[in-house]
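See the structures that follow.
Here come two complexes built around chain A, the first alongside chain B, the second alongside chain C.
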Partner chain A sequence: MSKRNVSRRQFLNYTLTGVGGFMAAGMLMPMVRFAVDPVLAGGSESDFVATKQKIKDLSTEPTRVDFSFTQVDGWYESEVTNTAWVYKTKDGKIVALSPICKHLGCTVDWGGDKEHPEQFFCPCHYGRYTKDGMNVKGTPPISPLDVFTTKEKDGILYLGQRKPHGEA
Partner chain B sequence: MKWNTTDVELYITAKEYVDTALVPLIPISLDDRMKQLSSMSEFLSILSMEIEKKFKGRILLIPTFHYVMDDEKKVEGLQIWERKLQQAEFNHIFFLTSDINWKKEESYLSSSLVWIPAINLESLPMEQAREVMKQQVEQIISLFMNEWKKKD
Partner chain C sequence: MLTKIYDWVDERLDITPLWRDIADHEVPEHVNPAHHFSAFVYCFGGLTFFITVIQILSGMFLTMYYVPDIKNAWESVYYLQNEVAFGQIVRGMHHWGASLVIVMMFLHTLRVFFQGAYKKPRELNWIVGVLIFFIMLALGLTGYLLPWDMKALFATKVTLTIVDSVPLIGPAMKTLIAGDATIVGAQTLTRFFAIHVFFLPAALFALLAAHFLMIRKQGISGPL
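Here is the complex of A and B:
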């Protein structure tokens, strides 16, 4: 028997590692899947959710728009209500900002701070953002508010994916 | 932040920003109060989750303190938690409950006890239940913000 032949023991070893590796991969995959940010995992790419907001009622003043959708988050499937701050720019473009503070995730309010009525305000550590979602230097947040993609259909506002500022 | 691995990891790295602990207090009983108490439990869980959502970066939502309805020892039990939370350097500790019995124990606790009457959510149509819940949440939000302002 030549040395090059795979001995019985080696063969068994190979196979076992093979199977073992397979099993490990099988166990890891679901865990990785659960760890994925539910926002990223939510539905297919092109999902737009209808809101109750009529496009013609939007003004240059940010308004709160709630929208609901089903989210699969790890073990559970649940009905989630999300919020966006929506307004029209002077040249008629629609901007929909995520209210989630980029510091540690509290919910920001438009005009929540009396001293800065034309800004978004985070009550947790007094973070602030200008109307276009840019973080105000010197306050805790280090990046601008995320942006929702938007769509108009039959005069109704549809909101899509949440993306970092500048990518929507 | 919630009591799960992702949020707790975040908490550990951002401790200095999370100065508030929220502990829901929910009674359990298996007699004829069962239905009422389960509805109370549901109401309070939703309420705590909504508050957590609003103040995610500043609040750690501690898992609910459950106790048997007529247990005399519940106050001592809660005092142990309170001490632990104080040692963990939470400047603000809120106990949130719909059980009126805590009102008379308030003096034994050094933290803020927030009592809010439970609303029977399943008796309302979904839209209305949402609206009612929103109002309750608003109330508690302003209460928290005032409390923070006092000590900030």
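Here is the complex of A and C:
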């Protein structure tokens, strides 16, 4: 035994605090885990979605492509239509850009600004992006438009996940 | 009759000191508009509380009809506003009160600021007041989504984009608030409802209690 004796009062303080702590943790742990579940659940890898766009109809001019898929939101499933701006680069690569402005999430339009017909334009705060989705310096957005992964099958365009520019 | 009931209870529980302690205190002359009309500036804190009480009551009654479900939320708001007697009034109280409480709180803050009433020994009460301000803004923000119309949805999308832009913890915070990493939908609405109706009011009550206890303990700051 060490010379430092634990008094009866100290012993009771420690044990009661410990037991109380365990009881509080036992109560709170399930509730906190319950609340943060969406953060820890992780995104499910979504499959490629078929669009109605034929690959051969794509040009170097960005085309608006709407595509529908079944979205699962917790207990609620619904048919959702999203949009992409798709074009072919000069060397034949297909680029599909997300229309969601990286400033505050409005929807950008190709050539929406008459003074910059060869750019994407966000009407909310006049954000602009060049054709390859890069944000124009001096306008509100601080990063380039997101990019969809693309796939060709039977001459039809398939769109996959939306990823930050440079990761797709 | 009422006196007899009161006396019967008081004889057994001695409740008189409890409320006398709260009710018996003099309003200093310099904060009484009857003496100096300019003292009306001292009313804004009380008005903030008054409107907060209206918000709590009208909100409690709104939940008798409202459902936080994406298929029915908008319909239930439409129904309670247009079909239920006095629905327009009750929802109107909650709608306009939400803006008014911010205005009153802002005026109260300005008075405290320009009179220097936040100075020692009342620094802690200022800090609690600022926390109450944040809670009120959060209440306004979460309540905005609940009618589930276009304005509500897109305002919330913008809010979540702002949260998302916070360095490092932004994306996790956004998912925690929205209930899903990419969708603003069913889980977002239930979350915002729970936060608006249970979590934030609980925090608000605790902070208001601290705010009022401190002002009773320290008293209103002296005249300029």
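Observations
The rule is simple: the second predicted complex is superposed on the first by the 121 of 168 C-alpha atoms of A that agree within 3 Å, B and C clash if a C-alpha of one lies under 4 Å from a C-alpha of the other, contacts with A are read in each partner's own complex, and residues count from 1 in each chain.
Assume contacts are C-beta pairs under 8 Å (C-beta built on N, C-alpha and C of every residue); 3 or more make two chains touch, one makes a residue touch a chain.
Values in this document were obtained by computation on a predicted structure and should not be read as measured data.
Applying the stated contact rule after C-alpha superposition, one finds that A:76 touches chain C and leaves chain B untouched. By the touch criterion defined above, A:104 reaches both chain B and chain C. In the superposition on chain A, A:125 makes contact with chain B only, while chain C stays out of contact range. Once the two complexes are laid over each other on the shared chain, residue contacts for A:164 go to neither chain B nor chain C.
In the superposition on chain A, A:155 makes contact with neither chain B nor chain C. By the document's definition of touching, neither partner reaches A:117: not chain B, not chain C. The residues of chain A shared by its contacts with chain B and with chain C are 35, 103-105. Residues of chain A touching chain B in their complex: 35, 81, 101, 103-107, 122-125, 140. For chain A in complex with chain C, the touching residues are 35-36, 38-39, 43, 71, 73-76, 103-105, 162. Looking at the complex, you find that chain C touches chain A at residues 70, 157-158, 160-162, 172, 175-176, 178-183, 185-187. By the touch rule above, chain B contacts chain A in their complex via residues 6, 10, 14, 17-18, 53-58, 130, 141, 145.
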